[in-house]
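Paired with subunit B in one complex and with subunit C in the other, subunit A is shared by the two complexes that follow.
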Partner chain A sequence: MLTIALIALPILLATVIFILGGKAAKNIALGGSLVQLALTIFAAIQLHQGQTALLNFNQVWMGSLGINLAFSLDGISIVLALLSAVVSPLIIYSTFNKTLKNASVFYGLILLMLGSMMGAFLAADAFIFYIFYEIALIPIYFLILIWGQGEDRAKVTLKFFVYTIFGSLFMLISLLYVYQHTTPRSFAFDAMYQAGQALSVVEQGLVFAGIFIAFAVKMPVFPFHTWQPSTYQAAPTAGTMLLAAIMLKMATYGLIRLVLPMVPDGLTEYGSWAIGLSVIGIVYGSLMAIAQKNFKLLIAYSSIAHVGLISAGILSGNIQGVQGGLFEMLSHGILAVAMFYVYDMFESRLGHDDINKMGGVRDGHATFAFLYFALVMGSVALPFTSGFVGEFLLLIGLYQANGWYALFGGLTVVLGAVYMLRAFQKMMLGPASAVTTAFSPMTKQDKIILIVLVALVAILGVYPDPIMKMSNTAVESILATIR
Partner chain B sequence: MEKLVSLIPLFPLVGFLYITFFGKGLSKNLIGGIGSGAIFLSFIVSIAVFTTQLHGGNPTTVKVLDWITAGTFDIDIAFIVDPLSTIYLLFITGVGFLIHVYSIGYMHDDEGFNRFIAYLNFFVFFMLILVLGDSYVTMFVGWEGVGLCSFMLIGFWYKDMKNNDAAKKAFIINRIGDLGLIIGMCIIFFQTGSLKYDELYISGSEASSLQGWHLHAAAIFLFIGAMGKSAQIPLHTWLPDAMAGPTPVSALIHAATMVTAGIYMVARSSDLFSASDIASDVVTYVGILTAILGATIALTQNDIKKVLAYSTVSQLGLMFVALGLGAYSIAVFHVITHAFFKALLFLGSGSVIHGMGGEQDIRRMGGLKKYMPTTHITFLIGTIAIAGIPPLAGFFSKDQIIAVAFENNILIFVLASLVSALTAFYMFRLYYLTFHGKFRGTHDQEHHLHESPKVMTIPLVVLAGLSIVGGFIGFPHAVGHSVHFPHWLDHFLEKTVVMPFMEADVATESILMIVATVIALVSTYFAYNMYKKNEELALEDDEIESSTHLTLVNKYYIDELYDKIIRKPVDQLSAFIGKFIEPNVVDGLVKQVSAIPQGIGAATKLVQNGKMVMYILAMIIGLIVLLITLI
Partner chain C sequence: MKELIITSLLGISILALDIVKLRKAILPVIILGLLGTITSCILDWGHNENPFNNNMLLFDNYALGFIVILSAVTLVWFLISTDHFSGSESRTDLYALVAFSFAGAMILAAYTNMVMLFLGIEILSIPMYVLAASNKKELISNESGFKYFFLGALASSILLFGIALIYGATGSFDLPTIATAITTNGSGTILTAGLLMIIVGFAFKVSIAPFHFWAPDVYQGAPTMVTALMSTLVKGAAFAAMFKLFATAFAPTLDFTQTIFVVMSIITLLASNAMASIQANTKRLLAYSSVSHAAFMLAAVMLANTISPSVLMYYVLVYSVSSIVTFATLYHISKAQNGAEGFDAFKGLVKRNPILAGAMTLALLSMAGIPPLSGFMAKYFIIGAVIQADQIWLAVIMILSSAIGIYYYLKIIMAMFTPIENAGRIVITDLQRILFIILSIAMVALFFVAAFVK
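Coming up: the complex of A and B.
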């Protein structure tokens, strides 16, 4: 029941907000997301204590098709559930200093999106997963179209939308193909795993290709990424946060849930092209980030690099890679919200995000400089920040697949420092300038959001173990089904 | 007793946090007191922990926190107490404490005083984690942490972009090394399933599963990490630029402690390196090349801190020569003596810079000995120590490196002796140009010349004392044996590092000692003759004509080379991808593909009423229809 509540609560609240409207919308949204956080923590405690009664739900839906409303919260789902629950109040709160037209619709859409993403993370049935995976697109489409920026955003969103749907079609075909081999017909994950593993290696390779293309578009992995920077650019900051922090995780999560246990032999035999593309994406994204002068685009491309590493590590199919991937999802989500918030602070104060036209902000803004620098360190994966744990494990995992992948993908260690430090220095350091005065002091909202995020980056970096232990068993059992 | 070890890094961490978050409004003396007090407490506890090892205690591990779990990859935050880590603890906290005290005086008028002391505390915290970590991963926490502090302290005066550039350069070059270290760890983990020292080395069983090219590759990749942190060719270029930071930083981080982390790591992995002859050769030759490069450049530099910086590069090279030749304990010995005299020399140069009102060019100095007597005497002691003149500290450690080279590889022996000769020469050149002759600065500077306050000179005196007697912890083996004065350090470390096989007899050892002494003295005499007796001066930049001299002044043009072959190509590649590949090739392909359905789309325009919800609904309906037909 708890799992259902985690999905239903945001959706119900969204309905309430749509109906009531008015000024209370943002407070309802924030309050609701905090309740969601409390529920998720409660679920985590349940899971930790091994009490799974509340965490599984299974109800026949379309019996003749073998589709069940099946949800389950295990050690893997909980990481994503926690990520969503932790960052959504922050994302909602980050918009409080903005005057939005039709605010109630805005917050309602955010909650809808959260509900559907939660549905994807908790689904125990491939069909349910697919539905929620797709539905999440609708709210974000409108969020960008209505509250986004730039003249060409209609075109940009259309590209994003069509591209993603187009990619998903391949997944649908793959899933249906596996489904056809289940007896009795069922979309339940376990049945799909069994049917998938029984397929011939070539079939598995093709099924893998279909699923991976869908996820590669969503994450995005090179060369399927060209919708991403322009979409991030066009989206309102909260929308970009939702996309980068949570939405793309449906795809990386899907790699663990739908690829590793379903088509393991296809991945091993015919999967190296996917790892190869992911690794290329790491370097490509980093080089693109170096070439950017707009901070938002820089973060967008750095996200491509980080996600490439997550994808490559998970596809390595060993426990270090998968555990690293999971933890990096959490870390990346937190840091993405943080970095886009920093972007928003500059953009709203200076009216632009061109790092070449900044500088000297540190002077007189010591606290902000400290917080932003801590986030930069998290983003370059310094030990004792959340970024390190995931990145290090991913490289350990990747090395086991192929040493060259690790060496090439490991370039992110160097290149990440190049673009992040350069951005930080150009924005913050140097002599005081006109930018220094134009940059008004941090508001209470700025402080709360950044301090919470920095604290999360530090705490997860120093003491990641409770979360790692929770996911460790679940990942081990997923990987055990492969053998 | 060993349990106390967790307190050692805790004090500086608390110091850092306290000063950062509650330091506002406190007096500078109080802040300085908190900062140095924290390190002093660590020093006291370090002595206690060290004593357990001194009295033959067994190496122990103290676990603090579960850290990372991923299947068989199971790493804790845990500290190792053994001879190698405790000896490092002693000099990190000891020298660290003195430099903290000195900083109270040196940084007194700086507006960033609090920040400076806090960063120094933070640095010591990470340095202690580095040597205390019980696995490569925990060590890596400290390894990257000290890099972070180094970055923050090089760019301490952040309003000048030149300092920020130097800081960034240090961080990025170190990251190249770190990538090597990470790959090294990947290899070790993949082959042995562990990254903990006690599983890998002490029991001896795990590391032996590293065979063939895995073994060599693991050692070489670890060494790439060491190259970055310890400024070895080709990753040495950041260290001289790092002198942009305040001088106490140069003394603590970029001479005494952090840059010796690479030596620590290789010594810690002595089982691995001694098993790989290829890796050991690489270490030896990179070390000797670096030693020569550093020493030759130091001959021509005129910035007092740059001379010392290149000297550090060169001395680190000698330490790697010892490591490569299998004399791990002797490398550690040189680390310790070097920490004493190089910290002394840097702090001395800081005192000079302080007195000169910020001037660092030795061509504008001269005759300082009568204005700054304490600084002068202690600097002279440091110079004698580094030059390798007995019985000061540097003599013993350097002489033993040369002795090991003599027994193993005559070419290395000759080159190491040459480095030794150059060292004595450039150091005395520096000394004479700074403290002797006529004052060459402005009248204003001369007017303001003064000896530094006690808070700065007392640390100098203590370090000078250590530079005099520090060498006796490692009295030469054969000679020591005959006079009943054993090599204490070797004896102490033999539990944790592989020991070299020493066969030199008393006669050989004595002769080598005499040869080394003569080389140092002759070289000193040359410097004396040139810069003291004939009062020759260093050339101004536009007076230099010889191309050799120009090459050396310009540090063999290596920075320019890297700029050309690495930095610019990366920038150009990024720009090319951004301007051409991304829009035309990658996205171009997408546009081509999307053009196809657009043609079809024109026919179905009726359905496209612009509402995306329609798409989704149509899709879901289509999906269900598809399903039903399938069954």
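Coming up: the complex of A and C.
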């Protein structure tokens, strides 16, 4: 029941907000997301204590087709659920200083999206996963179309939407193909795993290709990334945060949930092209990030690099890779919200995000400089930050698959330091200038959000153990199907 | 049988009420008649009547299911288009024509004899020719009716020729007897020729490529609400007839016809989606989209012996709901701005009438097949069945064409959410507002109750 509550709560609140409207919308949304956080923590405690009664839900929906409303919260789902629950109040709170038209619809759409992403993370049935994976697209489409920036955002969103659906339809074919081999017909993950593993290696390779294309578009992995920078650019900051922090994690989560246990032989035999593309994405994303002068695009490209590493690590199919991938999803989600928030602080104060036209902000803004620097350290994976734990494990995992992958994958860290520190230097350091005066002091909202994020980065970096322990058993049981 | 009698009486009483100058009573009578039909279908559900008139008609659950769906569609159509013919002095005649056409649709759901098939098709089509040309003062409407009539008559004659050839090969008009004759005698040249002609005749009627060329012109020229009727009532009834034909009489030939249907579906999907994505007129776009949905329904016919008819029923229902919403919205929009039907006409709709914009968005997303809208389930059932029948390529093309579909449906959605300056509100009546809300809820709700589809 708890799993149902986690999904239903945001969706119900969204409906309430849609119907009631009015000024209370943002407070309802924030309050709801905090309740959601409390519920998720409660679920994590239940899981920790081994009480799974509340965490599994199974109700026949379309019996003759083997489609059940099945949700389950295990050690892997909880990491994503926690990520979603932790960052969503921050994302909603980050919009409080903005005046939005039709604010109630805006917050309603955010809640709808949170609910459907939670649904994808908790689904225990491939059909349900697919449905929620798709539903999440509709709210974000309207968030960008209505509240986005730039004249060409209609075109950008069109490309984003068509591209993503186009990719996911390949996943649908793959899932249907595996489903045809289940007896009796069922979309339940366990049945799908069994049927998938029984397929011939070539079939598994093709099924893998279909699913990977869907996820590669969503993450995005080179060369399926072309929608991403322009969409991130056009989206309102809260939308970009949702996209980068949570939405793309549906794809990386899907790799663990659907690819590893369902088509293990196809992955080992024919998966290297996918790892190769992910690694190319790492290098490409990093180099493009270095070339950017707009801070938002810089973070967008750096996201391609980080996600490429997550994807490559998970696909290498060993415990370090998958654990590292999970942890890095959490860390990247937190850091993505943080970085886009920093972007928004600059953008709203200066009216642009061109790092070449900034400088000297550190003067008189020492606290902000410290917090921002701490976040930069997290992004470049300095030890004792959350970024380090995830990327270190990912690189170990990747090294076990192939030393060359690890060598190029390691470039995320090296090149990441280049572009992040360069950006920090150009934005913050240097003599005081007109920018320094234009940059008004941090508001209470800025302080709360940044301090919470920095604290999360530090706590996860120093003490990652609880998360690791939580996911360990589930990851091992997934990997056991491979051997 | 009661259903058919009620509907025929309905058509006659509409005309009678006009003669005795009781025009105000017409709409209530129509509502009563259609509700009566639905009720009587529900009462008859499960206990089949005996075949009527020497095995001419059989109101079994298959027929009743389609009749319920089509009466609901017709009922919604009458209610939502109350102001459509208000300017026309021959409004009652046009209403009566719709009722007669609906009687033809009913025969197509219930026939068990090739003669009744032909009669049903003619009763369905002939009022439609008149309705297409009902906007007498518009050249384009006359052209539409003229074109529809000529090509429809051609299709009917090809169909009739096919029926005659089948009679020659099997010696019967009766569907089960034809099936037995084909199984025992095997197929010969005459049978094959007859079969092909029937397929071509139907392909014309339901606008399957390469016999779909009339559809965009006719759909565009006909008054918008008549177009809505063509793409829902006519299409649904014709597919009900086609499915029954291939589930019973021609079931033994499905191995042979499957290849033809696969090729036709693929051509239809490719041609319609390619053409739809380059249209600038939304009515033409919707016409091509209607053609592409026909390809999905054709796939259901192709698998008539393996899948449950409820799959086709569900598709017809889901498609009809979203189709009525799109055409009704288009009607209101183009009425408000001198008949404009381009994408620009949709600009700012979200401000001008949020209910229309919301319903239209849901309808387009449903047609595009995006969850949680019922269009996704409808397509899912068909694609699943196609994969099960090992037609992976057809499934892949269906899925790719759905992706193209999203592109052109989103173009309309984008326009609706593009703000414009000083646009007036688009006014609709309270009844229409309620209907649009009910249909919007239906598009989502049908997704969740899809479990009844076997």
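One rule holds in what follows: the second predicted complex is superposed on the first by the 483 of 483 C-alpha atoms of A that agree within 3 Å, B and C clash if a C-alpha of one lies under 4 Å from a C-alpha of the other, contacts with A are read in each partner's own complex, and residues count from 1 in each chain.
Just so it is clear, contacts are C-beta pairs under 8 Å (C-beta built on N, C-alpha and C of every residue); 3 or more make two chains touch, one makes a residue touch a chain.
Treat the numbers as computed from the prediction; the structure is a model and nothing was measured.
Which of subunit B and subunit C touches more residues of subunit A: that partner is B. Once the two complexes are overlaid on the shared chain, A:I448 sits clear of subunit B and of subunit C alike. When the two complexes are overlaid on their common chain A, residue A:L172 makes contact with subunit B and with subunit C alike.
Judged by the touch definition given at the top, the superposed model places A:I135 against both subunit B and subunit C. After overlaying the two complexes on the shared chain, residue contacts for A:I146 are found with subunit C alone; subunit B is out of touch. Of the two partner chains, subunit B is the only one touched by A:F392; subunit C is not. When the two structures are aligned on the shared chain, A:W61 is found in touch with subunit C, with no touch to subunit B. When both complexes are overlaid on chain A, the residue A:E476 reaches subunit B alone and has no touch with subunit C. In the superposition on chain A, A:G403 makes contact with subunit B only, not with subunit C. For the contact definition in use here, the residues of subunit A common to its subunit B contact set and its subunit C contact set are 64-65, 131, 134-135, 137-138, 142, 161-162, 165, 172, 176, 179-180.
Within the complex formed with subunit A, the residues of subunit B that make contact are 20, 65-73, 137, 140-141, 144-145, 148, 155, 158-161, 164, 168, 171-172, 175-176, 178-179, 182-183, 185-187, 189-190, 570-571, 573-575, 577-579, 582, 586-587, 589-590, 594, 612-613, 615-616, 619-620, 623, 626-628, 630-631. Within the complex formed with subunit A, the residues of subunit C that make contact are 365, 370-372, 376, 380, 383-384, 387-388, 392, 395-396, 399-400, 402-403, 406-407, 410-411, 414, 417-418, 450-451, 453-454.
Subunit A contributes residues 61-65, 130-131, 134-135, 137-138, 142, 145-146, 154, 157-158, 161-162, 165-166, 169-170, 172-173, 176-177, 179-180 to its touches with subunit C in the complex. Put simply, subunit A touches subunit B in their complex at residues 64-65, 131, 134-135, 137-138, 141-142, 159, 161-163, 165, 172, 176, 179-180, 185, 222-223, 225-227, 284, 287-288, 290-292, 318-320, 323-324, 360, 362-363, 370, 377, 382-384, 388-389, 392-393, 395-396, 399-400, 403, 406-407, 410-411, 413-414, 417-418, 421-422, 425, 429-432, 462-465, 468-469, 472, 475-476.
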